[in-house]
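Written out below as structure tokens is the structure these notes cover.
By letter and in written order, the chains are A, B, C and D; residue numbering begins at 1 in each of them.
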Amino acid sequence: MASKIYDSASAALDGLLTDGMTLAAGGFGLCGIPENLIAAIRDAGTKDLTVYSNNAGVDDFGLGVLLQTRQVKKMCSSYVGENDEFMRQYLAGELEIEFNPQGTLAERMRAGGCGIPGFYTKTGVGTQVAEGKEHKDFDGETYILERGIVADLAIVKAWKADETGNCIFRKTARNFNPPAAMCGKICVMEVEEIVPNGTLDGDHIHLPGIYVHRLIQGQHEKRIEQRTTRKKEA
Amino acid sequence: MASKIYDSASAALDGLLTDGMTLAAGGFGLCGIPENLIAAIRDAGTKDLTVYSNNAGVDDFGLGVLLQTRQVKKMCSSYVGENDEFMRQYLAGELEIEFNPQGTLAERMRAGGCGIPGFYTKTGVGTQVAEGKEHKDFDGETYILERGIVADLAIVKAWKADETGNCIFRKTARNFNPPAAMCGKICVMEVEEIVPNGTLDGDHIHLPGIYVHRLIQGQHEKRIEQRTTRKKEA
Amino acid sequence: MPWDRNQMAERAAQELEDGMYVNLGIGIPTLVANYTGDKDITLQSENGMLGMGPFPVEGDEDADVINAGKQTITELNRTAYFDSATSFGMIRGGKIAAAILGAMEVSENGDLANWMIPGKLVKGMGGAMDLVAGVGRVIVITDHNSKSGAAKLLKECTLPLTGKAVVDRIITNLGVFDVVEGGLRIVELAPDVTEAELREKTEATLVA
Amino acid sequence: MPWDRNQMAERAAQELEDGMYVNLGIGIPTLVANYTGDKDITLQSENGMLGMGPFPVEGDEDADVINAGKQTITELNRTAYFDSATSFGMIRGGKIAAAILGAMEVSENGDLANWMIPGKLVKGMGGAMDLVAGVGRVIVITDHNSKSGAAKLLKECTLPLTGKAVVDRIITNLGVFDVVEGGLRIVELAPDVTEAELREKTEATLVA
């Protein structure tokens, strides 16, 4: 099989970036984000991005980097606190935001990746989120129709992958990465370590290689957003 | 926490069985089926069951056992070959069958478990399966509405579980077990081995214990339906 | 004497039963975990963890183990991890027995507003809309009044809603209230808080 | 001379490209795996396996490792397992490049019937409806005519459909056909099969 493995984030993104494209990104806060791919997109200067991502990073890290360079036209997220530049651009009308409830966003990504163009949910009924959406009753309860997301490109981060792209995530760094990977027409994955085929147990794989089109081993800062600790018990 | 672990399949089902109830069962063919729980339901004699299960077992094993005792009123399945008694009861009008495409059935179970009462799919459009279902166009393509399944009881089988019901499946014996477990109002799980908490790696768990209400360690025949082999290379 | 933050959390912990799966919001709700005593409560964190442990001791922080507030935490010997779609499947599917959340405003019919102040605070709802729509029981912990003294328990919310008719019980520094037909029923008052004082500080209809 | 089962499978294997993810149906399609040569094809089994290996040697059968035909198989060093909802998510979501399936009838506009004969054969569609609706390219392998000599490539199917306008290419013992505007286009004929013979044995409109 032609190798999925590329030497660098820039090489892995070569030919995949176009102004105005839609992007799905994995990660929750700064946990499990595709740091290397974000940096490569910044360097490529791709403009007018619409980004599906639960969060928008912080000012100088994560997707915040692409906000600073004004490469993002619209964010579709559930939570964008922790980012002053975001707030500034939004309140100045320079950036669009579509708020999605977190679970709705995750399910929209999975649905898009699974060939499901729409599903009904109770989440958001009676709120701003429901405005303009189809309402339908099932068994006496009201639900709204939410659409599956198919993004031009998914950028995601895993812990380890074998050469065919089968990958495993580590603890809560899994988060949005699998649904984001699924919803990309093309998915580029960065991992901490590429291991030979045969290293990973087939029962441990969180995301089968079929979802991964290109793969790089990256360097990861893995910044902690809220360092909280307790006293060691004596 | 009150223990989820019961001594026997019958004990685990105590108080959960009522005539006319709906049941979701895991397994694919005879692989990964809840053998012990099926036997206990046979012994309990619960009648007029509606069963959501991909297959109906063979004549003397798997769900076929409940067909022989005439405990099943209706099957909702994708494939019921390999079962003469099923065919006989069906052609004689003694048994109802609702055929679901395999992927639609799996997704209906997952959806029901995930609070999604309905989703759209292309599968079955233009076929008998689409008759009487709502049709809707998304981006120029036609889809049909399928409903989430919520069953009164799910009976499933895993390989190992810890004391809180976190469980792992083995190879292709996973199949319908996770979605079936999710869609049960109550889920009773049988496993080959119950292990102490701390034995399973949190990243290896396929189905978190929140989905498992009662748990037994069973004896499993694990019958092979089609034994196929190749010659050993010299 | 009104309850302080910790007393409110302690009171909220009484709502939880042994064996429950629970989601705790950011802020005072997080403190509830300190008061569950002998009860075996399993905490779900919506970023993909069931069985959340305490904060790590210094030096043991792991960037890959955080809670929904992005704080470093630890795992237990029965922790399971999963992706966000699965996590909210659990929440939306009603598998979580209870959520304890903060509030900006609550209305007497159980509407909750806690995610946005138009033109001022634009952070987003995170997982709150999913939680209030999906979990078995929604318990709100909030100060009874805002810092400026304004009522937070209202006839109708003025801020954009997180969910409509979703709150079951409210715990404030002044007492405990259930959302019932016709308004809020007083379940309990904090020590030395009088019904007269409560009525003065509450806009929502109070019923006996 | 018409192709035999193995030659049909060999011809079908030419449809597959290096690196493809493919689903093979039960029967002749299963044989395609024997003819992929140097091409690295990853076989998906819809019961929850990506990277399907050959049958086990005797004594190595594992009841937990079966394919969608319920046959014992083996895993490879890059096999991944998953549940049925995920498996069909992959299929429905268009992640599988091609499916090779058997047929009872195919119509000239690409309708496929392969799951039911009313009143006689009631086995069910299994995963076939999902596959034809979801995968990138649907290739059918079938005898050109039934045992009684009846045409199987028809103007319209008479049996209940598995999918409407879903077939891209048909490989029979007599040749290879593409579903195009106006009917079936002859791509290739088996050795010594004449177009006249083909027309006689085909009900569907054949276009050049």
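The rule we apply is simple: a contact is a pair of C-beta atoms (placed from the backbone, for glycine too) under 8 Å apart; a residue touches a chain by one contact, two chains touch by 3 or more.
Worth saying up front: this structure is predicted, and the values here are computed from it rather than measured.
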| item | value |
| --- | --- |
| Pair of chains joined by more contacts [C-beta pairs], A-D or B-D | B-D |
| Centroid-based (C-alpha) most distant chain relative to chain B | C |
| Length of the line joining the C-alpha centres of chain B and chain D, rounded to whole Å | 27 |
| Geometric centre distance via CA averages, chain B-chain A, whole Å | 32 |
| Mean-CA-position distance for chain D and chain C (Å) | 54 |
| Whole-Å separation of chain centres (CA-atom averages), chain A against chain D | 35 |
| Touching two or more other chains - residue numbers and ranges from chain A | 107, 110, 114-116, 121-122, 169-171, 174, 202-203, 206 |
| Shared-contact residues (touching 2 or more other chains) in chain C | 49, 75, 81-82, 88-89, 91-92, 133-134 |
| All chain pairs that touch each other | A-B, A-C, A-D, B-C, B-D |
| Of chain D, residues touching chain B in the complex | 45-49, 54-58, 60-67, 69-73, 75, 81-85, 87-89, 91-92, 111, 119, 122-130, 133-134, 160-165 |
| Residues of chain A defined as touching chain C within the complex | 28-32, 54, 77-82, 87, 90-91, 97, 99, 101-104, 106-107, 109-110, 121-129, 159, 169-179, 206, 222-232 |
| Chain B contact footprint on chain A (complex, rising order) | 107, 111, 114-122, 136, 138-139, 141, 143, 147, 168-171, 174, 202-204, 206 |
| Touching residues (chain side chain D, partner chain A) in the complex | 18-19, 21, 40, 42, 44, 49-51, 75, 77-82, 88-96, 133-134 |
| Chain C contact footprint on chain B (complex, rising order) | 1-2, 110, 112-116, 162-164, 166, 182, 197-198, 202-203, 205, 208-211 |
